[in-house]
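Down below are the structures I want you to see.
Shared between the two complexes below is subunit A, which has subunit B as its partner in the first and subunit C in the second.
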Partner chain A sequence: MSKRTALQIAAYGIVCLAILLVPSFMDDAFILNKYARYLVLGILAIALSLSWGYAGILNLGQAASFGLGSYAMAMALKLRTIPVHTGEAGLPDFMVWNNVETLPWFWEPFYSLTFAIFAGVAVPVVFAVLLGSFIFRGRVTGVYVAIITLAALVVVNLLIIDQQRFSGGFNGITDLAQLELFGLTFDAYSMSSYYLIAISLTVSLFFALAVTKSKAGLILQAIRDHEERVRYFGYDVARFKTFAFAVSAGIAGFAGMLYTIVMEFASPTFLGVQLSLSVVIWCAVGGRQSLLGAALGAIVVTGMQGALSESEIFLETWTLIMGFTFVVVVLFLPKGLAGAIEMLVDRIFRKDDAVPDKSSVAADRCGVESKAGAPR
Partner chain B sequence: MTTNRHDHLVLTDVSVVFNGFHAVEGLNLNVGQGELRCIIGPNGAGKTTALDMICGKVKPTSGQITFEGKTLNKLEEHEIARAGIGRKFQVPSVFHELTVRDNLEVSYSKSPGVFANALLFGRGADRDGLEKLAELVGLENYLDTPAGHLSHGHTQWLEISLLLAQDPELILMDEPTAGMTVQETSQTVDLFSRLKGKHTLIVVEHDMGFVKEIGEVISVMHQGKMLAEGMVSEIEQHPEVRSVYLGSGGISHA
Partner chain C sequence: METILAQIVTGLSIASILLLVALGLAIIYGTTGVINLAHGEFVMIGAYTAWALQTYVGIGLIESLVVIFFTVALFGWIIEKVVIRHLYRRPLDTILATWGIGVMAQQAIRLAVGGELRYVEMPSAMSSSVSILGLEISAFRLFILALSALIFGFTWYLMYRTSLGMKLRAITQDREIASCFGIKSKRIYSLTFAYGAGLAGLAGALVSPLKSVSPEMGTTYVVDAFMVVVLGGVQSLVGTVASSAILGELTGFLAFYSNDTMAKVLVFCAIVVLIRFRPQGLFAAKVRT
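Right, the complex of A and B next:
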């Protein structure tokens, strides 16, 4: 393992530990719930960082996977409320209001929570594999990938809104039961939910890190750099890109399930264009080529958004302030906050290590001048 | 390996048309196993296009390309690469954002599947071999340098070392010595002479000095067709070749 990797793992570990320790200082249920929400969005940003930062696939439809995961969890939790809401053999309330008489076939399996959790990841993955093979087999690249994924998101979004009888339409699926797993109840406003999400973030982060550290991760970076060249080494580029696209979708779907738990509902806005584009901004601010950077970007930006929009002073100007921050970051920190930190760390370590690269060669060459005065 | 040594790579009546322009027309080429074949010809003769067709970058309009008895026409680039064909491009093509070590790691592609690679960690299984390769081409001090920071000459050597790591049966080289110093060029000649026999090499070159130094069978292309084939002395005496090259002062000065 290289020194760099060790340093990276240490940094990831410290941040995750810090996140896990938050409840020891904070026991306000409302604030913990808010933090948990930011963390879930952090997981969503990790997913995009994997496909955009590492594989160069700008997926503007990331929220589709997120939303599908969210609905999978909401369907399962909705079915658990039936005896309470509409009688023993009853239907979810919105179905009754829409004159649906029997539970649709695709709702049936969601009586099983295990199935729902499986579907929350598997449905986005299958969707991504289908869409991804279509895009990448056809060698669609660059901005066109962004357009297709955005269009796909809008289609899924409209479909869900349109099928009000089965999906709750604009209102989404509300009034959910609390998740019960391993004998624990995950109330959205409780420590247990916070821990569930903090641990999920840690797992997602290290899982994504493992993907990038595998040889497949290296090949993905090579594809990002020079796609054509990779083909001539015998790698099926379309398959690698589909793989990255699908893994990213799986993580996003997982985040979506958690979002239902903290928000206590699922809504078409979870697969809205606005959320999907926000993820791109979080990644850009945090540094898309760093998984941790992207996660922190999401947490910082959404946290700032929350704090500014709730404070009375910035009530009318907070969107301006956010916009200004984005412009500054994009202009001066093209690799985001993570890039800036990496540069700092590199500078500190470069001083000790005698790296035989250009700078030392150049120093030899300018030996005469440097005696007269260090050329800068 | 079991195929006839003389029919390792065979191009039969291969043509390619770009928007009505015949870049290559009725090209026939037969390269034996372990041979080091140079292809020369004036600009626009179709040399690079010929390599493009072999490695799958360009699909031939008609004709047939076979490698070890396998037809390549319909295969995708990565399938051709897996069949054992590697390519060095005219403009050095390496991964600029990756370090030299990572470049070599990517090019070592014995198991190119997605899941095999997703479960492959440590990247160090053949580290020694790759470092030796870097040493061979004089890049051992640059292993952790991003390829984008290398000089042009070093980038050329890096791409050559990538091909050595890939270790294909057939290596296609498009102007490998472009931008190299005289000394580097003769190092290249040494390297190629050593590779010959173990690998089959096809080298497209402008530099007549280089081709003479290699001293093997030369194929001369002109206007998308094969003009002549033979040893250096034969080619120099060939009347048609002389007339094609007359404009540039004869073949010796091409």
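Right, the complex of A and C next:
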């Protein structure tokens, strides 16, 4: 293990510990719920960082996986509500309003919570594998990947809004039961939910870190820096990219499920273009090539947004400032704040790590040149 | 027969607006390789300029078109000088930066004039409808159709019959070699960006009487316009026209047979498949990388 990896693990561990310790200083249920929400979005940012920062796949449709996960959880929790507003069959209320007589077949399995949790990860993964192998087998790269993923997101979003009878349409799925797992009840406004999410964040972070440190992770970074060269080495580039795309989708779907638990509803905005592009902002500001940076970027940006949202005028100015910050970061700090910090750390440890540092710069340069030529 | 004809006309009307929005985008993308997500905001600013001129100065829409063109072009020129200029070597980052600019522009407008819907009056001479082949067609929509044809013609002339256009095409083919021959590519890029922005502004002004004007209005246009550019192919003006027509008619017809949402879904799916198999678009010109 290199010194850098050790340092990285230490930093990740300290941050996760700090997050886990928050409830010991703070026991306001409302504030904890807010923090839990930011942490979930942090997990979503980790997912994007994995595909964008490490594999070079700018996925503008990350929210599609997030939303699918969120709906899977919401469907299961909806079926567990006591049917107050509905008929004897116990149909979800919005189906009754839309004159649906029987529960559609794809809702049936969601009576099982285990299935729902499985589906919340598996559906986005399967979707990502299909879409990913479709685009990467065709060697579609760069901006075209961004456009395709964005288009796919819009399609999923439109379909969910359009199928109001089965999905609740614009309103989404509301009035959910609380999640009960292993004899624990996860009330959105409780310590248990916060811990569930804080632990999930820790697990996701270290899982993603393990992926990036694995051999596949190294090959993915090589693909990001110079795809052609890795192909000449005989690696199946499309398969590796699809792998990264799918893992990232799985983490995003997982985050989506957690989001339903803290928000107590699922809505089409969870797979909206707005959210999807916001994730890109968080990653860019925090540092796309650092999982921790991306997560902290998401937590800090959404946290500030939440803090300022109490006052209307502040929120509006905030959006303006955020847009400005984003443009400045893209222009001058392509690796985000984490990149800047890493550069400082590298400078301190330069004597130890001088050689790998140089080679990575060289690889970066190749990557930039090949990218600059690509879209024409 | 009459419904089909009516559908074709509706499609043409959608297509002409698409063309106006997409033409600027196609020129910018084709020449500089910049994915300009702020294009929708150029449209929005054009519409707001039309609204402001009408409300505060009292100039009608048609008379203010020239002013609108130059206002938005100036805006685009400044953005190119301040931000885009630094990103020509990083095409992926242009998506992010221009999106950030779009967010800022939307928010600035919201802060300046409020987020509520605004309405621009249709020129009184064109509020009636004209009857052609037994069909009642809004005169204003015909005017848009004619004007977009005119603007396309002008752009074509600019690109293929002037020295500016020739330099521009040279840069598109090979920036380095063109620079070696003394073409100031930086200046051409700025001008291209400004011209594309101006066209978007015109599009915004022209659609403002048909739809309400709001800070978010640009978002819908930019996605559709992108699809036109992707379908039409880089640096192919004819392709842009053809794909505007195809997408306009397709959306019109599909919306007639199912509904708007499903029409959009089908169009988007078709485009995903198209990019996968022909990323250079249907009507791509040969471009050296």
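Keep in mind that, in the parts below, the second predicted complex is superposed on the first by the 336 of 376 C-alpha atoms of A that agree within 3 Å, B and C clash if a C-alpha of one lies under 4 Å from a C-alpha of the other, contacts with A are read in each partner's own complex, and residues count from 1 in each chain.
Everything below uses one rule, namely that a contact is a pair of C-beta atoms (placed from the backbone, for glycine too) under 8 Å apart; a residue touches a chain by one contact, two chains touch by 3 or more.
Keep in mind the model is a prediction, meaning the values are calculated, not measured.
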| item | value |
| --- | --- |
| First (subunit B), second (subunit C), both or neither touched by A:326 | second |
| First, second, both or neither for A:304, with subunit B first and subunit C second | neither |
| Partner chain in contact with A:140 - subunit B first, subunit C second, else both or neither | second |
| Contact breadth on subunit A, by residue count: subunit C or subunit B | C |
| Partner chain in contact with A:177 - subunit B first, subunit C second, else both or neither | neither |
| Touching partner for A:243 - first (subunit B), second (subunit C), both, neither | first |
| Touched partner set for A:316, first subunit B, second subunit C, both or neither | second |
| In the complex with subunit C, residue positions of subunit A that touch it | 58, 60, 134-135, 138, 140, 142-144, 146-148, 150-152, 154-155, 158-159, 161-162, 273, 277, 280-281, 284, 316-317, 319-320, 322-324, 326-327, 330-331, 334, 368, 371-376 |
| Interface residues, subunit A side, partner subunit B - complex | 1, 210-211, 213-216, 218-219, 221-222, 224-226, 228-237, 239-240, 243, 355-358 |
| List of subunit C residues in touch with subunit A within their complex | 33, 35, 83, 86-93, 95-97, 99-104, 107-108, 110-111, 219, 223, 226-227, 230, 234, 259, 261-262, 264-265, 268-269, 271-272, 275-277, 279, 287-289 |
| In the complex with subunit A, residue positions of subunit B that touch it | 55, 76-78, 81-82, 86-87, 89, 93-98, 102-103, 105-107, 109, 112, 114, 117-123, 141-142, 144-145, 149, 162, 166 |
